[in-house]
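There are two complexes below, and they share subunit A, which is joined by subunit B in the first and by subunit C in the second.
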Partner chain A sequence: MAVTDTPIDSEESFARSAGKQLAIYALYALVLLASLIYVFSLVAGRTGSGTSGGAVDVANNSVTTTLRQEPPQLDAGRSTDASSFVVLAHVMEGLLAYDDNMQLIPGMAERWEVREDGATFWIRDEALWSNGDSVTAHDFEFAWKRVVDPDTASEYAFILYPILNAEAITQGELPKEMLGVQAVDDQTLEVQFAQPTPYFDKLVAFNTYLPLQQEFYESTDGRYGADAEYMIYNGPYVVEEWIHGASMLWRKNPTYWGDHKGFLDEINAAYITTDINAKLNLFKDGQIAETQLLAPMLPEAMEKRWQIDRVMDGTVFFLEFNHREGRITDNWHFRRAMQLAQSSDELVYKVLKEAAYLPAVSLFPVWIQGLNDIFRTEYPPIEHKLNVQLAREHLEMARQELGLEEFPPIVFLTGDTPISILSSEYYQELYKQNLGLEIRIDVQNFKQRLAKMTSGEFDVVVAGWGPDYDDPLTFGDFFASWNLNNRGRYNSPEMDAQVRIAQAELDPKKRLDAFGEIQRIVYEDVTLIPMYERGWAFVVDPRLKGFKRRSVGPEVDFNFAYIEEVED
Partner chain B sequence: MTRSNMWIFILKRLVQGIFTVWFIATATFFAMHNVPGDPLLNDRATTEAIRANLQAKYGLDKPVTTQYVIYLGNLVRGDLGISFTQENREVNDIIRDHFPVSAILGILAVIFAAAGGVLWGALTAIYRNRWPDYVIMFLVILGISVPSFVVAAISQLLLVNVNDLFGTTVLPVAGWGTVLHMLVPAMVLGLGTMAYLTRLMRSSMLEIVSSDFVRTAKAKGVPPARIFAKHQLRNAILPVITVLGPSIAAITTGGFVVELVFAIPGLGRYFVQAVQQLDYTVIMGTTVFYGAFLVFMVIVVDVLYGFIDPRVRME
Partner chain C sequence: MTDLSLADFQPLEPGQEIHGISRPSQSYWQDAWARLKVNKRALVSLYLVIGLLLFTIAGPWVWTVDPAQQDLDQVSRPPGADRNALIVADYAPWQTEGLSFGEGLKVVGDPTTQAVKLKWDAIPGANGHRIYRNIFPIGPERSYGIPRAEFFDNRVVTFEDRLDLKALTYYYVLVPLGPRGELLDNYEVIEVDVHRVTTIVEAVDRGLIEESANLQIGDEINLDWHPFGTDYLGRDLLARLMAGARVSLFIGIGAPFLFVLFGVFYGSIAGFVGGRVDQVMMRFADFVVALPFLLFMILFKISFGIGPGESGVFPMLVALVVLMWPATSRLVRGQILQIREQGYIHASQLLGAPTRYLILRHMIPNTLGVVLVTITFAIPSAIFTEAFLSFIGMGVAPPTPSWGSMSNEGIKTMLTTPHELIFPALFISITVLAFNLLGDGLRDALDARMRNQE
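Presenting the complex of A and B:
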């Protein structure tokens, strides 16, 4: 037996030799780990974002960006989410499109005419699908009939309702062949209206109105839009590669007809994440060309002398009342009291403190266009002043009208995002102080909040509304009694009458007057209490020009973007 | 004798496992259908007709018990259905595309955690109550108590600064695809488990250091390196192996935050999003898949145990 010359009770020497043994094991583990990582990387290479040339690659004329989430699918007729809209805005084009200043320009249609009873679109000869086929009027007829087909179950079918019979078809009352749209020949698309629709030109720029080639659609066996190879494109870019959940690569579409869009050879949406901090890190590291900035990030951004820009994202947030009969909030004096006891300035400037947010003062956001100018310049909203004294008087009148000893707790339904919870807590404190009202906050996740809104289990709900198309009507018809999105069931003949004028009036001035009236009714009848208009501060790589963030349409827009080298 | 015993043991555990998975499937199914909220509601309100068509498409128009029977039938055939939110993707595809990513990240994190845990644990035991012990145990407490989203965010920021310092991308800040993309996320993901394993290893070592057979070995004059390797380490590592199986499952399925921060296309994100969106088929699919995975890992560990510890095989 080997005899060691170290005393066996020596802790020190035991530790030393055990430590040596441990170091040997650690070395083994390290080697094993390294070889394992190597093997894994071979596997992962097939599921990843691949190599990227950094934020702006001048040599290859390409940029790298992010998507906020994986597009659920890219079937334009059924898409409902912001991410899909961004992708579709680059790879597809409708009859009409927007230029870089949000003015309507010709798209697939080189000419069009909107009349009282319908519209005609003349489709350009040179419009091609990415497979080389011509884009024809039949592609639009097929696409639109498919959208209203109840079997398609498109959630955006309502946006086609101005077309004759569209509503009845979605209700299953008429066959889809009865839709008021017809391809007279390959080049001419005739549309019949259900009622005069003077804003129809703006509607056809929306995603749900995009064309679809019947032959190709049928060849995909129900998988249209599920993957890059199950789509054909008619926009300035095509989806070259789509790795689900990881990345998407758009390449310039050689068959696109115009030269006013699509100046980049490649757009690489290399990262899919909602994490704004992660995006900022990627931007700082020179991996992506643009990102949003939250208030706490601004000091650092200014210190670095970044060019900071801001944009309204289009959405208006408001307190929506439950107008159903029997609710306390059905009482006008009560709503008026709540209106007078608050001011959105305080909410935005003292509570939310997001630099790019604006205090909301109307149902119509600040960027909506009027006749010759901004709508709110032409039709200024009624000036709101905080007046707690008057608010208390109205509250007392409400109490008497309702025959109440004391008001029960008011149920404030709200989403589970930090900002809606923060807002609700602010109102809870505010109404307690100013009116002595007890607010019970009911925090729910997205789907459950919608369920409770739809069934009317709330007094007040923290809600928001974003635009679908660039016309005041996208906000203006919200409180029509027949609008399913009017989940507080506001019902006023005066409002309905104005919405009808806004929908069908051909004289632009009279039509805008109706929106002015709607704005007035919303304030005077206290249909809602405006909270804030959401905006973003954002930063763009100085080499990338012509990049847009939009209030309506795709939230990010590279259609007019190009690269310009910067001299240091 | 021992070999056939082993097979019977595995078979028994498998049958138990199938029952467990069935139970998970059933419980999830009914829990999900009783969660308030309506999966078909969305921002833009739809008409009754469109709603009815959506319900028919996903089989929600049938009574819940019928849905359950159909669901179980499909499950046995391995068909998990089509996602509610990603309407053109089968849940099977989602799992096939994204589980490997989570698995790679998870396995790497576990190896990292296990190797680190054993190493640091053994080290602290050897240097008990001396400064290496104090330093490591302090870090361990930190590792256990700081949540992973903080660690993830800080380490990402650190990466940016490191890259900035070197003027080139030493390690990518986010994304997936190469070795370099994996290192930091795996470390972040494995950190909590590593800290836990370090503590486990330490106490397990300390117990064995003072046991009779170690004293005997020392008395016999066995070389210290051999005592450490064969008597102490091998015995002390057993509890670590025990928790390794569940740890692999927990890490692989719990990578949501890390996947989000580092923009990694793993399954964790889909799982969490599905719950938020009440995407019934994806919730069911991922839960059952994860459940089966967990059960499988536990069985593997039980079998593995038999190889490492001869005493288990004897019983």
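Presenting the complex of A and C:
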């Protein structure tokens, strides 16, 4: 027996020693791997901090940030996107500008006068272009005539319509020389109005009204705004470097006239991303100076003891109906039923859960100013109450009016952002439960959604509208029958009459009354269903002061930002 | 040597015991089944697959919750969360007239998940106030938490918070604002214990209580039970997993069954006829292999007139069937070519067997093993394709769930509520693994050459 036992024994011991050997090798491999990872991360950390100065570089007085997307081009007359507006707000300055508290301050114009029939702007002597030339009234005249020129095909040409003949020129009915703007001399700019425009001072702070030097423009041979070298600047910063698709570097403009703006030597838009998760990671790594925070990120932010700030970004989101004839949503009872069966409180507080969002109750957002107070304090919107019972009654009336057995599926056109899709899914179930309606969700990207809105391929669309200038009219004329942004083609003589008053009335009280009426019509005629007013919770590097996020104008504003070292 | 007698050479009586074949004769399938039964992994996988089918088909009969129903009181709840709630009156806008002030920052009424009502006195030197909400106590750093509201107006001294309140302890901070809206240092803080509540109307709506139930405000009830938790819209995850399984398994079993059937048909013709026909048919199969799947999926979706907001499951099925058959047809063709040259086929032919008999008796049964294995391996890959397509938004339309679209939704809140990702991901993984292991076991069991290796 003993003899036969031995080989088994040795076999066992072989297995054991082999196992031991393997374990030792595995241990070696693990140690090697761990040390390699450590070395690599060390090296990576070195190179990381070597190539970029980090979020806030105190020694070089520079800040690193992100851009939402690459500007298609930086020709102010043709720009339409938020990202271009941000860049232009730092490298250019209009006749008037906003200060860090959203008040109008002199820009290129040192004083101005708005009359019933026109306006005069006196341009300051010390205003210079970045090539050393003076900024003159001719630069404005040239720029504005170019914007209304049908050949320029500026999408924002309509914002110049208060100027005499602007609309006719854009339609190609008059030559552009007929535009009601004239440089009397180098310093004086005369504007004639098509109709009284009491808010014209606020308009000229907008991007489309920025100046352009004719001589330089012609030297670029049609490439103006396409690259850093094809532009000249009159703002507190200049675009120093523009690496397409990757980054942008702005440097302080030595020829800028004032010392109330542009305290940083360098602003480095080192990343182009809309992904807030990516931005949060960059912020945590100390790579960028500020980022927005979405609801799921807030517990972590509180745990890290960040100082969270908030701002309303100015935009109102709403369900816009297709008012074209023949659509179910053209029926008032149907729209009223949809309005009564929902409440924006539930959407914001329980579904979206974003801390800086507000449930929308009107076409006009909460921050719009009235005569002496907030507009909505002076003109309170009609109080909305969820009432499913009444909603069902209206739906029944709609069914009888339309002569339908059953409602066909309602097409809900929506954007492809997580928030839009989430809202649509919420409404889908809400309207199924409360009204028994079937909702089909059509998810499209921004361009496709706009195209479908324009051609009318929807019943309801999840849309938003942001302000162009700081006046209620930027929201108030949205549903005018002639407004091309009114893509549901809402057409009501009552609304049009009020919009005309709001556009031309000189008495501020009567003008605001018209906005009050517009607010009432929008609710009572169910032109739209307000969803939410967007806001952002955001964090800023504690060393960066004076940084602003805005409701009107550029969404991020470094014009008044400066660096202050925090003592520990 | 024993002596033999004449009796030894007598024929046996019928029914007498003989020795010879000692074990009962086993057919191919009996034998395969016997060997599958020994394979533990395959057997467990088989049970899993059966369980999954039960989950999908019988599940909705047992767990009759509507997968689209939104329970907004319980959004993103993990499984096993606390769910008792007090009954309160319906929400009504807060009437702030007649409040008494003079005690600083105070809570008015009961703080509940419906609303937390705060009142305060204007802090001396303030031009307005900001209200913050924190889930941690306030430390020395000026980190107050989430800014909930800002009033640049000293007349506003009340605030009602209704945003996503949970049954937690919150710290509300009142920070005075300077003349330009900057934060001043003399803040006030209050600790608030919020408890979960619901209203009678909501409870009746959700079927938690009978309409006739005599419940008073202040009574305690239990909210809906969600064994697997809820998703970001408060929808029951278990019900959604069951509904999602239907889509996943419809594609996962329907598509492979169809394209394998076609592949067998195509491959056996090519293999049996052979020659030029075989050449042409196989080159065509090569061509189909080269077609990009995703592109065709989109093309089918458009050409079927699948509008926005409609399910893309049918075009997915068609795309899978149209593009996935060549692998099977090649396999079957190879098998048939091999069998065609076997000696027993020639023998059979020499004995005068007609073609039909050859195909039915020899060819098909001999390829069946291969085909079965192909199907079991095609199923997980089809399930995975469906999950992937739904993940990128090409598949089902909301609110229909599928495991892939559920994973896509869950990944957004992976860090805060991981259960929304873990459950659908787990189901995909288990299903794919079970079918793979079962396929593995079947291949071993059906392979005649493995018979001697036991």
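Criterion: the second predicted complex is superposed on the first by the 517 of 568 C-alpha atoms of A that agree within 3 Å, B and C clash if a C-alpha of one lies under 4 Å from a C-alpha of the other, contacts with A are read in each partner's own complex, and residues count from 1 in each chain.
By definition in this document, contacts are C-beta pairs under 8 Å (C-beta built on N, C-alpha and C of every residue); 3 or more make two chains touch, one makes a residue touch a chain.
Small disclaimer: the values here were computed from a predicted structure and weren't measured.
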item	value
Which superposed partner A:A295 touches (first subunit B, second subunit C, both, neither)	second
Subunit B versus subunit C as contact partner of A:K350, first or second or both or neither	second
Partner chain in contact with A:A537 - subunit B first, subunit C second, else both or neither	second
Subunit B or subunit C, by number of subunit A residues touched	B
Touched partner set for A:I308, first subunit B, second subunit C, both or neither	second
Partner chain in contact with A:R440 - subunit B first, subunit C second, else both or neither	second
Which of subunit B and subunit C A:L371 touches, first, second, both or neither	neither
Which of subunit B and subunit C A:L282 touches, first, second, both or neither	first
On subunit A, positions contacted by subunit B and by subunit C	444
Interfacial residue positions of subunit B with respect to subunit A in the complex	36-39, 41-50, 52-54, 57, 83, 85-89, 94, 97-98, 100-101, 104, 107-108, 111-112, 115, 118-119, 122-123, 126-127, 153, 156-157, 159-160, 163-164, 169, 172-179, 181-183, 218-221, 223-225, 227-229, 232-233, 260-263, 265-266, 269-270, 273, 276-278
Complex contacts: residues of subunit A adjacent to subunit B	1-4, 6, 8-9, 13-15, 17-22, 25-26, 29, 32-33, 36-38, 40-41, 43-45, 47-52, 66, 69-70, 72-73, 75, 78, 80, 150-151, 153-158, 170-172, 222-226, 230, 243-246, 270-275, 277-278, 281-282, 284-287, 444-448, 450-451, 454, 483-485, 487
Subunit A-facing residues of subunit C, complex	68-70, 72-73, 75, 93, 132, 134-136, 139, 141-148, 150, 162-164, 180-181, 232-233, 307-310, 393, 397-399, 412-413, 415-416
Contacting residues of subunit A [partner subunit C, same complex]	101, 295-296, 298-300, 302-303, 305-310, 345-346, 348-351, 353, 355-356, 383, 409, 411-413, 418, 421-422, 424-426, 428-430, 432-433, 439-444, 537
